[in-house]
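Before anything else, here is the set of structures, which you'll find just below.
In the two complexes that follow, chain A is the common piece, with chain B as its partner first and chain C second.
What follows is the complex of A and B.
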């Protein structure tokens, strides 16, 4: 017989950590957290990337052939001022083709999704204020791409038409009219002028997550809500399994039992998100942004998820019911939050509804992080903390009743 | 201090809505004493011990364990308490050893102390060879033993066992009863609830009979039986002049009735256990050979029937 066992109350914080350690051990054993927290989101992110963009590429980049037979300033300006910026933004991948025939052939066999052909004499006609045209070659199997390329070409030709109209107006109002040479000079100067105001659209290009990052982050935060629910639902499981009575009979405060469950949720959520960040970066090339900012966003999103899932659990009578309700809420918030597709760009009330989903704020935070320094993510973090405080306060008040027999 | 009761509860009362589950229940348990709370299902046994263990708020009354007041918020009194709930309360994904170490650490033990104590308890409950197996792989009897083992981790001054043999096979049941008997012999106070009259009679030094939330009688088995006023029956199978023996026994003070039967003598006596040697001596003196003796004492079932007009299992 060894010495008399110690008989003293356990310090509240230590008791909470012991309960969390026990829960984490059990969760690792039953593999549920591993499956929902890491394997399923990783698998779905892979599938979405494969379907919508390819695992290693950006799905939105359009392979556009450009066959320029004209070497004048207007066609050069089109390539330099219109197409190159779009390529830098990731919308286009330009392929210079030697002839219209080559561009047509590559578009037909699907190598290119569209092509623009600028014929010889294009700049000359524009500078002479004469009608000029460029050709868009479409791939029949990529109608959306064709529309985008059409819009790009029409945008530029509209600019040219405005120049023509302006020069004609000047000519018509000049006393005695203008000579063709003078008209040509005016048209050339107008066409050669740089765009006076360039709008840097960070919402459309820089701020938006690329597909690899979007689906990785979307799946991670979608399943975060399932992962954290394992901790708080543990309270109901303890009641169902009869072990709650034993915990309450032990010399520890009831608050330690609640704290232990919340710690379990946070560790499970933060750990699975961290693993997903690393795994998707290495496997898919996802770009999450500044590590410190990502860590802050993960911590805030995990807390918000715990608050919401805890609140749902307090209304359930048993662990199974809680799990069902939590799943429904997680799916609805996930859809509203744009974890599968960017609902924030949807028209009308739908885009406003995204504000009630913490997932949307998390994704927005990641987007902001891509566009700027750490200071730009305080708004999403503040929003996530509001979710935490509001739902967490109500949940804590109600959770006290779960720590009873 | 050693003479003061380990458990004192006074005037316990608890209502659930309009139902008074426990009403003015008072009793105490001394060191080394096994106290049985006997009553049918729904009588208020579990509600009573839930209040004693600090699991359930009480509407009225006082409880102290090892001299310290017990409430749902207190932790000091719980240090001296071991609680074994009626349902299995162990974690299926953890091994037997891990279950015990976890609960031991909640009682303030270091990891090393907890492991040492867990191995002692595993030895005590006969599960040392299965210590590393997940408890979901245990048999029902093994789980029951582990369930009790958890309650012993802190070497409690008061051990509460809530119907620990419900749903247990006869072999495991016997092992549990022997273990409990050994614990009280070692000085532990035990509060044992059951609706099995045989268990209460076998284990308990004193028994409280509870029905509809009221403690309707309390005392040793003999005191309770005496309260009912019934006598013991003794049946002797004998050969020889049994009539003469019956006549002689009928004159003795403790014999209320003596009658000759086909194969012996039937007696109605008081305190059969104490007076059996006198009966056998009289038979021997008359030259009657006794082949067998059967003593039937009035049991707690009879007491419960007498007090409530119902059988325990009604």
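What follows is the complex of A and C.
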């Protein structure tokens, strides 16, 4: 009397664990989970890190040639007060060139990204209210860089022009004109006037994964969808092989059979993700963030992947068809979810469309985790669980028929 | 020879009878071209999110000034918090908040403070300089107008602005002249989907050829070569047929991607003769490589794993994921051990520069050398494997 109720609930759970254990052993033996769950994502993350680790495009300092033939105060102020600080902040690397021709030829061959040439007499012309011009030479292949340099130069000349234009505006609208002495005073006052617009710099935190972590996390979550499919597709394999009939004939509740397959998927998915987190951190220096947060995100993403892959399996007639359809869906969701490149940074609708992929939520969760405390990941986790519950519920509903051989 | 063609056509039919292959050979590459073009194709200029807290004349003038700045792509954002999240997540390279008090501060002779939001790093600093330049240009006119008010030649700011605008035409300004040196990588600006299309074409042609490895192992497992060789068919004929079959798959794929991307996304492919030469030679290289690799493995899982690593890895190194122009010079040299890099260079000339086949002779030469070497290796290995299987 006392034994019966205690034994009954344990038996189905044990059956499920036994099935999972058998499946896991089979997966370890045929090496497919090892290859696609761990080796391929790790290999790709390694390759992408090795190749793109040094490619940072926009983030490199601009090597800028500076050829100043003018020794007056205006050009000296430009170099000391504008260019030097930008070199100290890491935006520019300045190369002093002896002549405009030297700067030009080095820019033409790409040694310099751009050059600024200030002709002799520049300061004199500026101070004497004469037309004056400095030149930005750009490398034809680096137009964006050149525009930045152009903006730096324009920012400085705009300041000079503000004083010039201030004096001119007042002089032109003063009845009877102004004496040179009065113009001198005006210029001094204009130079001292408060600037109308100032820029206040606010440093935003980074919720974007750095390159190393992005490739590691992107590849890991991309292949997660393939890894978990080994478990759920097992249900179809049992049916194809005729072993399902035997399982059903055995005194095991059908729920245990299903639970066994789901446990297999979860263990395969969570284990390979854990190995990838540790391996990419140690080997490539990927930073995944707060371990508790990462663990929660992995658990939620694995569940979401199982839900989606199971749902797809319920539409397939056999294991091969299931794995074909699963790989199609996994690849599309992986692409949209930004595992290859950050689709969330796309303009327009695509940045919203990415959120239909659980991968996007997983990566967003990791990104948010970089900047904030654990509390920031509840939205991504909730989203991943919504995927799990919705797809899982439909899959379970459809699986009523699957277990009937 | 007819037998070889029959074997090849049979291979082609077998490949495309599996619907999943149609997805990975045709549909997925097109999808990637679409998403790549939509994400990166528009412009490489940094994106600046701007919040105009209250729509007022001077605030709007600053917004227009920013929009006119060629080095920036400006997106108007609804709220400060949306801007902050967008900048943190990397949706914008930086953000600018023009406060509600902007117009009032300028009219009142005070300094209007706009907030520039950026993540730490050099990329955001570049955007910062572009924003500073645009703000300084606005400040030129505003400063002069305010000075006129302060010096009592104008009764109020609008009048001051009018005076300053009139004065602009009369005053000799200090200017910045722009000159271009050297030759551009692309003399014509490639279309939004162009670069994505040719790089993905190369990536997927190679990847598809590598799946030959899997097909070969499957055929051996099913005993197809043994049965074929039991008929009066020579090994050479089977080798030729198998090789030709894989090449045909690649050519059909290339045709569909080239014409599909031209029709759907308006990709311009450059001189047809040149494109055909690159595609055929690259297809031969890929076929040789795929078959040579296919003879090295026993199980389909092994072959699948290695195909993915090689297919994506070589494509990444060869400039199919990140353009070769942004590689460091050393890495660019290393990249040219891949046939992808040579084919990419050829397409860059054909599509980016509008060059004709003569201009890409060096690239074609290298690809031809690769093709000869790899096909020789592939047929030698294939012959051995097929004989062993029989």
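Rule of thumb we're sticking to: the second predicted complex is superposed on the first by the 243 of 405 C-alpha atoms of A that agree within 3 Å, B and C clash if a C-alpha of one lies under 4 Å from a C-alpha of the other, contacts with A are read in each partner's own complex, and residues count from 1 in each chain.
In this text, a contact is a pair of C-beta atoms (placed from the backbone, for glycine too) under 8 Å apart; a residue touches a chain by one contact, two chains touch by 3 or more.
Because the structure is predicted, anything quoted here is derived from the model rather than measured.
Touched residues of chain A were counted for both chain B and chain C, and C has more of them. In the superposition on chain A, A:30 contacts both chain B and chain C. Of the two partner chains placed by superposition, A:375 touches none, neither chain B nor chain C.
Looking at the shared chain after the overlay, A:138 reaches chain C, while chain B stays out of its contact range.
Touching of chain A by both chain B and chain C, each in its own complex, is seen for residues 30. Residues 30-32, 35-36, 39-40, 43-44, 47-48, 51-52, 54-55, 57-62, 86, 89-91, 104-105, 107-110, 126, 129-141, 143-144, 146-148, 150-170, 172-174, 186, 189-190, 193-208, 324-325, 327-328, 331-332, 335-336, 340-348, 350-351, 364, 367, 371 of chain A are the ones touching chain C in the complex. Listing the residues of chain B that touch chain A in their complex gives 50, 53-56, 72-73, 75-76, 78-81, 83, 85, 87-91, 93-94, 98, 102-110, 113, 116-117, 120, 134, 150, 153-155. Interface of chain C with chain A (complex): residues 18-20, 23-24, 28, 31-32, 35-36, 38-40, 42, 44-47, 62, 69-71, 75, 84-85, 87-91, 95, 106, 109-123, 125-126, 128-148, 150-151, 153-154, 160, 163-164, 166-168, 170-185, 301-302, 304-305, 308-309, 312-313, 316-317, 321-322, 325-328, 331. Contact residues of chain A toward chain B in the complex are 1-2, 4-10, 15, 18, 22, 25-26, 29-30, 241-243, 245-254, 404-405.
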